[in-house]
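Below are two complexes that have chain A in common, paired first with chain B and then with chain C.
What follows is the complex of A and B.
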């Protein structure tokens, strides 16, 4: 039996985010929110561990009133219980870590699972932060997780080598994108998830202010000459390449 | 300003020291076996760390040294271990942190930074009270300084994490950052054996072979060091030829600095075409041999 807390976040569907043509600022209005990629891998891994070893999966989001659709997705994938903590304003990993850390302390947690680096903010700080806040080991960048009694063993993928590392409950494990292929839950489960209650509470702490001066897409000045006539395209590209190879 | 720098890779530590010594003083920590490689880049002191590096013991060393050494800021290279270490040390010191920065300017109390955001889609310029930063590798070239650093040997505390085994990865020593022409393959190549059909193009343009994250990490058709993107190498060749790559933002963020981008993709709605100078819509297995032939003529 393993009690797992899985940390999930929401993000705008990046494929639908376009920069404003004049200001270069991302247009986020009307862009749907989705379960962040690595959070999805995290839920998948938590549910697989539960299916293998038994236990319970509790999902936690530091988000806002719009987070329930994301929690329902986690339910549909197999999370047993979920907490939305409202008050997320973005941009402050130290606050996020404290709010989540506080909640994790109140929950049974043999393993805390989260993504190694989230797809939108690409900060990758939360694993180290949560482990430090809770004072428990971090088994980071896991490509696979195995539980033996109260020992957790992971394959840790690093730039120059792969390690097998281990520590005893309770631990934090951050997962890579490569650890699994998240399931597409069947319609029945999606419907059931829609009816399942979600716990919602407001965050009680606030953080220091970060002032955003600008948020702009770098200008793309590509020529965008696209050939649907393959032979014409090849002739032109070959010309360009020959020029550049000189 | 006095900065404490950490990277397990001396090359990236040297880049940070090169950047920071223009703003003030910097000391740098790295693995002891690699410490000598860091001596000539202008750090006042090089801390040579002995022991099995994990996020808990490295962050404990940085937190203690930050407090006792009178440092203003900690800079950690954004690597797998680095991000974990930076998170942990910012938490234990209870200071704010800004990740993945590409520019840093200290001010009165506040600091001014730029960083990659929204998967690499935008650059976020911020003013904060952050004291810890992760630094995107490769944003400046390391430059040697006149004098050599003093080296201090440090024993790391044991980690709460046990290392059961270590398996070294094969490296080819390829340096994509310096390549003039890159042929980069994506999932569209289909399977590892098919890479042989793209190789003649690599030869014909005298280029280097690279790939998207799935190609390098999921399927391991290519080694990790050939991965281009926000979590891989940031490259700026004269020509970047994307073959069967869809052009997700996390990939684009690694090749945006290329002078000319050419894309081969069978899907004319693929986002890579919006980031290309020249695109050909069609099956790569038909286009590549014809292109090689056209180049030979």
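What follows is the complex of A and C.
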């Protein structure tokens, strides 16, 4: 039996975000939110571990009204229980870790799973911060997880070598995209997910936040060269690049 | 009563009993096992027509001419022989009683006599086809059954002739129970000819020959009767009913009521309905479906015949177990997916409908294959990687492409097209449904632009939905994700209703089929035209003036039928008529119209890799090359993508172009 807390994240669908043509600021209005890709891998891994060893998967998300759709997705994939923590703003990983850490403490957690970095902020700090806040080991950048009794064994591909590391419960594991291919939830589960209650809690801890003053797409002068003829292949691309670099 | 009469009577009752026993078992399966209903409509007139056409006239069999003629003669001979056999057996049981007499008897015997010879020759023909020239589609399947049944037929015919010759030689006239004694020689001309060339034998010898032939004939008949329902010859009984019960819209998918149903798709034999059971019972193992399956033809293991036959065998075995032992249904009815039906095979299907088109007994393979995909996707979330990505994109972006949906109508910029997203109150007569591929794929955007040009030239007041248009749901539907398809369709139905759409034209074969045939199940009736059909009408109404261009004398054209325009909607002639308004050199490919080879993209295959065997599209391009086509004309963005790619990857770039019907017209109406 393994009790798993999986930390998930919502983010605007980047495919549908366009910079404002005059200010360069991303226009986030009306852009649909989605379950961030690595969070999907995290849920998938948590559910796979539950299916293999038994136990319970609890998902936790920072969110708002829109987050219930995201949580339902996690439910459909197999999460058993979910908490939306509202009222938390800010961009300070230490503070985020503190709020999440407090919530995790209140839940049974043999393993805490999260993505090794999120696609929007890309700080990659959260796993470490949470581990230190909880005072438990971090097994970072896992591309596979195995459990043996109360030992968690993780494989990770580093730049030059493949490592296997392990630690005893409770641990924080941050996962990479390679760890699995998230499933397509079966319909029965999607429908049941719609009926399952979602817990919403307001964040109690506050602190200093890092505010984003400006977030602009870098100005780029594109040449807009289109390779009409794909089959001319790399040679053609190389030729054009050479010419352009002159 | 004579002793022999009693023996014949007992034998006949036993054979009929065995026959009925098996039939009752099969019907019991069809009543007790299924948990779904076929939802058939009465449509008596259509059904009678079907039985006359496809049973009595054997119409679908002639799609394979050689085999068709052979079978039709066998079938008609069989009917004629039924009259003879009834008379033969009744006279044997009640000597002196005759079922038929007078003119009727003379006509019946004449027919039987001719057909007995025809059937005998036919048997020889069949033996040659099967074991001599070894026709591919027969290979590897129940050779014993075929051999056994052909022997029974041959023996039946031979003994008929022996008895007839003895009658003509006046040997049987005093034997009780002999038949046809009042006929004149010319009523049975073949037997008469035989009698005149065969040496005469003595009455006493003739007597022994008579009884030997009599018993062999009677026994043969009884074995035949008892054997039929246990073999593939069950089709003799099941096929006529299967044709009678056939659905009007074969291969058209039906919605799932997610509120009520709990078993999604087809996992095991319980998930097929009784009409499907007749499909399984009616299969003759003829292999016509597999012989025309594009997947099978290009070296994939998918064989629609095996799909049907495997489920049939599973059904027979599990049905037996359930009938004799009863017990827990979940234990007995194990899934058919995985074993015996391979998952890869289910995913190899392009839903091209060639199998359905060819099947002489009107079996619907496609809906079963999709139902099994539904089982995998809806119950287990299992699908090839590419299908999962496809699903995600449709879910997230409303199209198979991970592209911002707000850019959907960007291709129309500067073309002065009424976009209902931008001007919702605009007046228009026809909605041009663009479809995802023509909206986002560069090559196919050219087709969309051509359609716009044509509609404008013909002064058609049309509009597009712009970014309100979403995927019709077809790719999700045919890859088994009915849940997602259901959402897409319902959303589109809302949009169509909100925009008061009644008349639609579309350039996509798949959108065409969905909107025309499948949206009605979701509460909207639309008048839907495929663009080729619509353009053809514009030309014949003189709204368009098509001019030849210089290159027309040099170009050689051929037309590739998109499955969802051709087989699904029987639109074969309109696109050809359009092409023939300008094409001077035109030639059909080897496989065309109802037999056309798929491009390989349907059933969601456009988004999947084709790893097994060779590419279907390559085979199709070869066929186009074989007739020396310099321009392959088509009428579907899926076909365009596949064929254009095949043209390039097989090194035919220089000598061949792929063009949509609309592009060719657009360049000839300046």
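Quick note on the criterion: the second predicted complex is superposed on the first by the 224 of 246 C-alpha atoms of A that agree within 3 Å, B and C clash if a C-alpha of one lies under 4 Å from a C-alpha of the other, contacts with A are read in each partner's own complex, and residues count from 1 in each chain.
Going forward, a contact is a pair of C-beta atoms (placed from the backbone, for glycine too) under 8 Å apart; a residue touches a chain by one contact, two chains touch by 3 or more.
If you're wondering where the values come from, they're calculated on a predicted model, not measured in any experiment.
Undergrad: Give one word, clash or fit, describing how chain B and chain C relate on chain A after superposing.
TA: Chain B and chain C fit side by side in the superposed model.
Undergrad: Could you give the angle made at the Cα centre of chain A by the lines to the Cα centres of chain B and chain C, to the nearest 10°?
TA: Result: 110 degrees, to the nearest ten.
Undergrad: Mind working out whether A:234 is in touch with chain B, chain C, both or neither, as first, second, both or neither?
TA: first
Undergrad: Which partner does A:132 reach: the first (chain B), the second (chain C), both, or neither?
TA: first
Undergrad: Going by the contact rule set out at the top, does A:34 touch chain B (first), chain C (second), both, or neither?
TA: Second partner only.
Undergrad: Under the stated touch criterion, which partner chain does A:186 make contact with: chain B (first), chain C (second), both, or neither?
TA: second
Undergrad: Tell me which partner A:26 touches in the superposition: chain B (first), chain C (second), both or neither.
TA: Only chain B; A:26 stays clear of chain C.
Undergrad: Touching A:194 in the superposition: chain B (first), chain C (second), both, neither?
TA: A:194: touches no partner chain.
Undergrad: Who contacts more of chain A, chain B or chain C?
TA: Looking at chain A, the partner in contact with more of its residues is B.
Undergrad: Based on the superposed arrangement, let me know which partner A:15 touches: chain B (first), chain C (second), both, or neither?
TA: The answer is both, since A:15 touches chain B and chain C.
Undergrad: For the combined overlay, can you note the least CA distance between chain B and chain C, rounded to whole Å?
TA: Scanning every C-alpha pair, the shortest chain B to chain C distance is 5 Å.
Undergrad: Which chain A residues lie in the overlap of the chain B contact set and the chain C contact set?
TA: 15, 231
Undergrad: With touch defined as at the start, can you tell me which chain B residues reach chain A in the complex?
TA: 9, 54-56, 59, 78-81, 83-92, 94-100, 112, 116-130, 134, 159-169, 171, 180-181, 205-206, 213, 217-218, 224-225, 230-231, 238-239, 248-250, 256, 260-262, 268, 271, 273-282, 286-287, 290-291, 294-295, 297
Undergrad: For the complex, which residues does chain C have touching chain A?
TA: Listed in rising order, the residues are 258, 262, 264, 377-383, 385, 388, 391, 396-397, 402-406, 481, 483, 648, 653.
Undergrad: Could you list, by residue number, the parts of chain A that touch chain B in their complex?
TA: It comes out as residues 12, 14-15, 17, 19, 24-26, 91-94, 97, 116-117, 119-129, 131-133, 136-141, 153, 157-167, 174, 176-178, 207-218, 220, 222-228, 230-231, 233-238, 240-242, 244-245.
Undergrad: Can you name the residues of chain A that touch chain C in the complex?
TA: Residues in contact with chain C: 13, 15-16, 18, 32, 34, 181, 183-188, 190-191, 231.
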